[in-house]
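To keep things simple, chains are lettered A, B and C as they appear, and every chain counts its residues starting from 1.
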Amino acid sequence: MPTTNLEPYLAKHSFFSGLDPADIEEIAGCAKNAAFKAGEYLFKQGENAEFFFVLREGHVVVEVPTARGHSIEISSLGENQILGWSWLMPPYKYQFDCRALKQTKVLEIDGRCLRGKCESNPRLGYELIKRFARVMTNRLQETRLQLLDLYGAPADRS
Amino acid sequence: MMSTPELAIGSQQGSLLPEIYRVEEVIPETHDTFTLALIPQEGEPMTFAPGQFNMLYAYGAGESAISISGDPDLDGASILHTIRTAGTVTSALRGLRPGDSLGVRGPFGTSWPMEAARGKDVIFIGGGIGLAPLRPAIYRTLNRLERYGRVRVLIGARRPRDLLFMNEIAGWPVETLVSVDRATERWRGHVGVVTPYVRNLEIDPGNTVAMICGPEIMMRYAVMELLNHGMRPKDIFITMERNMKCAVGFCGHCQLGSEFICKDGPVFSYETMQFWFAQREF
Amino acid sequence: MKNETYILERKDFPTLLEELGRRGYRTFGPTVRDQAIVYDELESVDDLPAGWTEEQDGGKYELRRREDDALFGYVIGPDSWKKYLHPPRQKVFSCAAVDGLITIDDPEPEEPPMAFLGMRSCERHAIAVQDGVFLDPGSADPAYARRREQALFIAVNCTNASETCFCTSMNTGPKVDLPVDLNMTECLTPDHHRFTVRAGSNRGAEILEAVPTRPATEAEVAEAERRIDEAAGEMGRTIETSDLKDLLYANLDNPHWEDVGARCLNCANCTMVCPTCFCTTMEDVTDITGKSAERTRRWDSCFTWDFSYMHGGSVRQSSKSRYRQWMTHKLATWQDQFDRLGCIGCGRCITWCPVGIDLTKEVEAIRNSETVEEAHADN
């Protein structure tokens, strides 16, 4: 799919909805389609956080590698979800591994490119920060619920 | 306007005297759960509505309220109870072997809104042992799939080893999503609480019925997400749990505000329960 | 059927008890024991608390000698008829086990019918409240229903009220207005000692036929009414009931619960003396050989920590939450559940609270705190 056709998709996506068409165009200018096969890594812990992703199709897991070479999943994401916010803040490094569990299509948005645009267009910057703050808040709340051990016997928790 | 869960069928009222049942089979489920298949020592097998529960009496140890977890449409089948070993009574029940007898009173309580859900999309959300009381409603839906619209089942558990009925869930011909809070190295499914999955569901809010069973905190967050989708409180159903001694509304233990969980519930529309659901230590 | 008012002279009162015995009733009524008026089986009129009354207030109950020999000159003691209709301990069943196989025996006790002598109007209302719980078509308690059906009610109208009474606020007294088999009022002056008595049922009328009476004069009926009116004017407490449900529902998080929770000892006295409290728990015991077991149902209280216990913890952990549960049930949620108040204004919970917690005052404190909040909001 040519990058020039990304604007309608972005405009319809709930994450970007309500943005000024000019801002959508700016974002589309930093975006391109990409695909990952099952088992392929979208990124690995410690790498430069060059992108964030809009998941168009498929299923990815965020995981932590263990010393024994295995990984433990901490979160999984699917269609329409937004993945990655390390591009937004120094040191611009990915904190976890992210791997496709099945054939996964994404929109890859270049963080450096978008940061540049945000610096010169604070309105776009503020809009994006608001949207990412919501993603982060949700993720934090979900993590807190995970920590609660909801399903365990209450006795195990006391 | 009041949406009350469907009335109980065949409720045995008032009597505190159990009937004698025999254990036909003990089915190990997970490390701390098991299913008892029970048949009456005399008389006809029990009929029940999805969501109802029985009081199981373990000799000398006492009674415990246990949801029925089997297929409501299998005539003449033994009655299934999926139990987590948690206290004296459930431990005593865990010790039963095929052929042993126990006391059974029931079935008690309201049922899942199987009729009200006809022609609508159905979302089941089960957390931990909460999948057991939902399973009869899921079976009923699967048995009559043509009656319902899009059917989805969301299942959450703490760890992969806590997941119930995993061998059969994969065979359910509906959309299912299973997620655990804590993955192991081998786990390759979803990770995280069910909340974000509910948030990301496509829901037709005026044409969907949700049935939720799990810990109260989980139900609270799941309900919040469904309400954010625009669903009406009267289309969301939850099951409540409280200490129960009599199951017929006169021991007082399960009172929650204006309701006795045993006879006005355990299945409630969120519309009925929302005021009490929001109270702390009530 | 004799349906007018009659006069039973004090000297003929023993014939009433004899007649009850002849008809196969075990008669229960007030007697003095352990420095209180309690209910017990009556052998003769001599067991009645002739000449006794009591002084009651928050956390206070003291017997006092009357200047006369009135048989029913007290108000109410700690007991209520609940202990007979809904006994503190009831066997549910016994059970035997052989090689993993159990058998269950229904106790089905044969109990002689009971006659309750000296029932107050508020107590008759308390029975109506418990009927709502135990005779509900959806959850009838067969043992309660049997005892209740057989029991004979002989009411004696209050001609005194205590400091902790508020039946006039609850519309439950002092004049007996619900069906009873016999309805009496004690009239005592230096010149005479007699009872006006009316039958309220065929059973009552038959009993009345069998004891020596004469028709009451209009003046005698008027005297009885006046004595009841006097009691109505002596109420030591009042409570505004019209807004109770809305008031309490709107104040479930009122800081005042913390205050009363800190004073409450969670001793459960209020629930034990309350004539409408109905909660029970189950006790299971096995004999030492393990061959037989027994289930017993006994009174429980929502003030105990394990009342709301669910695997791993109690729902109501704090004292304030347990007091709130009890009071909101009596005065608010009961209305949603049973279309009536769960409190009949007898004041026993006030008298028998060791620290004198007074629900009428707690309600008032909550109502006043609301007014204060509104006043703040207006500023």
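Just so we're on the same page, a residue touches a chain if its C-beta (ideal position, glycine included) is under 8 Å from a C-beta of that chain, and two chains touch if they have at least 3 such contacts.
Here the structure is a predicted model, which is why all the values come from computation and not from measurement.
The interface with the greater count of contacting C-beta pairs, when B-C is set against A-B, is B-C. Among the chains, the centre nearest to the mean of all shown protein C-alpha atoms is found for B. Among the other chains, the CA centroid farthest from that of chain A is the one of C. Centroid to centroid, with C-alpha atoms defining each point, chain A and chain C lie 66 Å apart. Distance between chain centres (mean CA atoms), chain B to chain C: 39 Å. Rounded to a whole number, the gap between the C-alpha centres of chain A and chain B is 36 angstrom.
Shared contact sites, meaning residues of chain A that touch two or more other chains, fall at 153, 155. Annotation for chain B: residues touching 2 or more other chains are 84, 86.
Shown for chain C are the residues that touch two or more other chains, namely 310-312. Touching chain B in their complex are the following residues of chain A: 61, 63, 66, 68, 70-76, 78-81, 101, 138, 141-142, 145-146, 148-153, 155. Of all the residues in chain B, the ones that touch chain A in their complex are 32, 84, 86, 127-129, 156-158, 162, 179, 181-185, 187-193, 195-196, 199-200, 214-215, 217-218, 221. Chain B contributes residues 11, 13-18, 20, 59-63, 84, 86-87, 96-97, 99-103, 241-243, 245-246, 248-253, 255, 257-260, 263, 275, 279-282 to its touches with chain C in the complex. Residues of chain C that touch chain B in their complex: 92-93, 95, 97, 100-104, 106, 133-134, 136-142, 249, 252, 278-282, 284-286, 290, 293, 295, 297, 300, 302, 307-312, 315-318, 321, 324-325, 329, 333, 336-337.
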